[in-house]
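These are the structures in question, set out in turn.
In what comes next, chain A is part of two complexes: it sits with chain B in the first one and with chain C in the second one.
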Partner chain A sequence: MNKEASVAMPAPRALLSRATRETLANYTYLLPAAICLGGTVLFPILKAIHMSLYHNVLSRPQDYRFIGLGNYLRMIHDPTFWLTLKNSFVWVICSVSIQFVLGFLGALFLNAEFKGRAFLRTLNLLPWIIPGVVVGLVWEYLYQPNYGPVNDILRRVGLLTVPIAWLSQPAFAMASVIFANIWRGIPFFSIMILAGLQAIPDEVYEAATVDGASVTQRFWHVTMPMLRPIIVVATATRIIWTFNYADLIFVMTSGGPANATQITSSYTLLTAYTDLDFGYAATLSVILLVIMLVFTAFYLKFTKGVESVSG
Partner chain B sequence: MDDRSRFSRRQFLQTVAASGAVAASGLAGREVPFLSPTKASAASTVRFQFSVPEPLRISLVEGLVDRFNKSQSDVEVKVEFVPQAQARQQLITAITAGNPPDCCQMWDNWLGEFDGMGALEDLTSQIKGWKFYAGTAPTAWQTVSLKGKIVSFPLALTNDAIFIRTDRVKEYGLKMPTFDWTTDDFLTLAKGFTKPEKNQYGFGLRGGGTWAVLYATEFMYGSGAQVLKDGKVVINSPEAVSAFEWYINLILKAKVTPPSAPTDAYRQIVEGFGRGVTNMYLHNSGSIEEQKKFVGEPNFATVPIPVGPAKKRASFFFSETLTMFKGGKNKEGAWKFLTWMMDDEQHFKYCTTLGLLPTRQNLAEKPPYTEPSYAGFVKSIPFSIVSPYLAYPSWGGKLDSEGVPMFQQAFVGQITPKQCLDKFAEMLTKNMA
Partner chain C sequence: MKRQGSGDLLERILGGPVLWAGLALMTLFAMGPFLWALSASLKTRVELYATPITYIPTHPILRNYVEAWTSRLTPFSVFFANSLWVSSVTMVATIVISTSAGYALARFRFIGKNTLMLVFLATQMFPAVLLIPPLLSQWYALGLIDTYQALIYSNFSFTVPFTVWMLVGYFESIPHELEESAMIDGSSRFGAMLKIIVPLAAPGIAATAIFAFVSSWSELLFATTFTSSTNMRTLSAGLLYMAGQYEVQWGQLSAGVMISTVPVAILFTFLQKHLIKGLTAGAMKG
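Entry: the complex of A and B
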């Protein structure tokens, strides 16, 4: 037996401490997700900011140059931008608020016990699962002034004598596309709120009933507070989606007549793909991002975010 | 088991990786789908982009390309169909990325923009030696010439004329217009045709898309207006404003247009007439074949645009072109295909199937161009001019993104005709580059 081999030798000292190694290992596990997020979220944002600082009209490659904040100054003086921003707020506020109220009522209805509930719950999802472009085409047909069913029904019941061009008159166009968008978005709220309603334990209602709470009191003091996290998330998500959602408008009116239904996101698309002005389109998209970030921050602050009810 | 014949996991993985690399290197140079049938290993491929505004064109072009491919042993055309709405954008991004098709079909109002990008092949010397050069109408060459160089073949010509429901002229006891009718005659006829209680209107005015601006401008030319004079934009001249006011009043005062006119685009004006909602509309000959199916050949005719107060009138010529790109990889094959497409038989078939005008006189004298449905277009040729909006490449996109909303504001009465044309002239002047 070799004696020397049995003498215990001190282990060589590790280059990094155990705690550091563990921290590094943990960060390594996060690396794939960080790379994916960076590549798909962060890089496009940084690229858009970079593009917004250049005069970048695709059809004029020889004019490509750095112009600093030139595109932002142009935006400030662009009356169409301000019009589209105003239209965007009208579009979002009207669409989401009415979708929420009707979706809430729908959820309460679908939460009740009745025969055929499963069928109605499935039917309720129909507007949401139809692609936006198809919804746009269907509603464009419904609103068609010369042979569309909406005018036809209104004429048959005597409410109209001359057809109304719903999508061609500035006074009606925005309301008409908002109506179509409301129809499409109700199922989103009803299904989200329905899920929230079903997650509220019956014991809470029973305890409230034992304590003498009326139906209205139970609604305001049990249902609403317990639904708050879902309502906050659903409305915030829907507001952001609607702000950026240009499919319906593109299909139904292309932003017309006379920009009456042009929202900032559809204006951004038009700038990019009709004028091929990617520099200015990037500027508009950066501003949209800033508006949405500010909105989300304020919204979560005012609604106290998605903290638990007891918190 | 003999170790020498055993396939270790490491060896297996190495073999798989090596075969993958070999296969990938073999595929790397291919520009066609791996599983598509190849004609012959010697045939060189020509990429041809074709933009599609209507499904009829797909079968027509597929048939022509198939015939070409069967007739050739050394060239094979691969056609890439792109919806019309995305065609211009797709070409620009392909050029920017350095991968344009070898050739494509496009409208002449895009040429300036692509030439500005330095993307178009100068075909002047080749075309001047082409067998049909002299027989092609000079106007057709004008639509595809930029700064003295010819950049495309004019595949088909279009100009505009008024479609009229002849059966309703009789039904309502109206007077069928002559070829030299006036704007007053036009208004009288439009009023006679308008029966709101029957959901029928006199004129399917186009308020949507670029042609909303072009059609209005054609009526303005009847008052002696012009877009450009001595290098300056003069589309806000008093004559233009007066004619535009008359045009807008078709919607606002005379109410001879359907309520949807301020946003009606190509599809709506063609279908509106086809469904019997409107009794006149202004369009190119491209919708003749469609109207033959919609309302029937004996029930409509075409007449030239009416003469305006200045005893003038204009119809704008446009052409569909066949164009080659500098960045194309098979120019020889592309030239072979394009000249084949421009041969009498193919050229005539293309134009007659789509209802467009051929660019050579000998073909324009044959039926169907002698039929009444084409009369308005043929009679308009003497006063047809190349669209003034082709003068500057930047105007192309701006007409759509800024011009159309301005005109729509005027159509719905939000701004006066003068305010509209002043803003429009300012926009054109700003984009004279």
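Entry: the complex of A and C
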């Protein structure tokens, strides 16, 4: 379509104009995506930063006013915020580490050759793909003190005499939501590590076997080093994702009892959703973003190191 | 783990009993909660609250499904239609937007292209809660609260970056000589993209389409905050609303859970191979 236009112009200018025009045409391919992300990601983030500088409780519009860093000061003096940070830490560490170990085991099992492997893989990966609200509600039902199966099974095995209200006793609530989250996240690690395992050429194992390496030696000296890049990426992605993930807690406990399961992202959500305090919710979400960015920066630095080591 | 031609005892144990026990336990753990929900969805009201609890319904019935589907308070037929519409439109629009952007990023030189790719990837990691206050006030100002558009536009925030990122990889794997020869034959760049590259990338595009559909189908927070009337709720928001009722109807709720789960489970079986490839492509390069 540029052809006719460039023919009609003097040669040197046409060349320049054509190049410029092509560049412009190239940018139009990006335009829809740019508008989309501008409107749903970039602008909202700037808007959130702006909102964090205002006292903005939706139910009290008459109090709306600019308060500068007031919300940030409030956050520093908010004991619940610090509690949620601590809870987030427990939530992330426990969820991700156990997901990793079980997901790794799962990947090793699913990498073996047997009949019906594709079918079993699909079954085992399902918890990861279903809606978060489904995970939350089904586990809420499983934990139900009187007619939920968790108590029933524990009683039948003889581990329990009195039913436990898993989600409403502070001592058990966090462990219970973490357990549900582990169930949901195992397949993620299985998928990633399975792909990593399949990328290791058979010849490497054959060579190691010929050299007399035992199965454990092969695991530690062939499998693990070759999986290292994918393990780093998967774990880092998962840490960030789990830190930000509010759905499960929102559905199962709303952060209760007495904030025992409140993590920073669910606290942010409830500050907006229940308290309608958008100024403070925006402040908390800006802090979530900052934590995420700091972690990503460290992660990128670290993976650069991994890349240069491995190749 | 099982490789032929080795006499290692440990290996035989690992490849035999340990493997089978592990697979059985793992699959039982993964499927248990689904089976419980399926069983509960088929129970009568009496059996749901009976002690001791039963694991296999004695007289399986479909009444919970019928009641959930036709209920006036929580009409799953409406929720289902809403989810289907929102997810389908999100999917189609995402694919159009991302194919164009993915193609451009794979083929053209841009200033700051690598940074842009990094931003696309990082967007995946943004906390969804960050977007809720600003998006809510934005949709409110535009009069879009309680509309499909608000949900569809909001869904772009997570579908577009990931699908662009995945599609760039697919397009890069297609030799650029293919559309160049079409362009020499007189086709425009855009025409060559549509006629040559899109058909070749069809499997990748289909996989990203399913990804966009499944993730929109599962989306909860936007659907809950940006809609308020029952008729606008998606399945996720409808389920949460149902669970918040004074007395939870576990039978109907379990039926709702199955209605929400089965479509994505079916799609996932098709998607699995491609999604795994796409997900791990970035990681494997390192």
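Just so it is clear, the second predicted complex is superposed on the first by the 251 of 311 C-alpha atoms of A that agree within 3 Å, B and C clash if a C-alpha of one lies under 4 Å from a C-alpha of the other, contacts with A are read in each partner's own complex, and residues count from 1 in each chain.
Here is the rule we go by: a residue touches a chain if its C-beta (ideal position, glycine included) is under 8 Å from a C-beta of that chain, and two chains touch if they have at least 3 such contacts.
What you are looking at is a predicted structure, and each value in this text was computed from that prediction instead of being measured.
Among chain B and chain C, the chain that touches a larger number of residues in chain A is C.
Residue contacts after overlaying the shared chain place A:59 against chain B, while chain C stays out of touching range. By the touch criterion defined above, A:273 reaches both chain B and chain C.
With both structures placed on the common chain, the touch criterion links A:244 to chain C but leaves chain B unconnected.
Legend: residue contacts after superposition of the two complexes on their common chain; A:162 is shown touching chain B, with no touch to chain C. By the touch criterion stated above, A:147 is placed in contact with chain B and with chain C alike. Once the two complexes are laid over each other on the shared chain, residue contacts for A:97 go to neither chain B nor chain C. By the touch criterion defined above, A:108 lies against chain C but remains apart from chain B after alignment on the C-alpha atoms of chain A. Annotation: chain A residues 144, 146-147, 273 touch chain B in one complex and chain C in the other. Within the complex, the chain A residues that touch chain B are 58-62, 80, 144-147, 162-165, 167-170, 253-259, 262, 270-271, 273-276. On the side of chain C, the complex with chain A involves touching residues 1-3, 5-6, 8, 10-11, 14-15, 19, 22-23, 26-27, 29-31, 33-34, 36-37, 40, 48-53, 55, 96-98, 100-101, 103-105, 108, 110, 122-123, 125-138, 153-154, 156-157, 160-161, 164, 188-189, 214, 217-221, 224-225, 235-236, 239-240, 243, 250, 253-254, 257, 260-261, 264-265, 268-269, 272, 276-277, 279-280, 282-284, 286. Across the interface of their complex, chain A is touched by residues 89, 92-93, 96, 113-114, 116-118, 196, 199, 207-208, 258-264, 272, 275, 277, 393, 397-398, 400-401, 404-406, 408-409, 411-412, 414 of chain B. Put simply, chain A touches chain C in their complex at residues 1, 25-27, 29-30, 32-34, 36-37, 39-41, 43-45, 47-48, 51, 102, 105-106, 108-114, 120-127, 129-135, 137-142, 144, 146-147, 149, 152, 183, 186-187, 191-192, 194-196, 199, 202, 205-206, 209, 214-216, 229-230, 232-234, 237, 240-241, 243-244, 246-247, 250-251, 265, 268-269, 272-273, 278, 281-282, 285-286, 288-289, 292, 296, 303, 306-307, 310.
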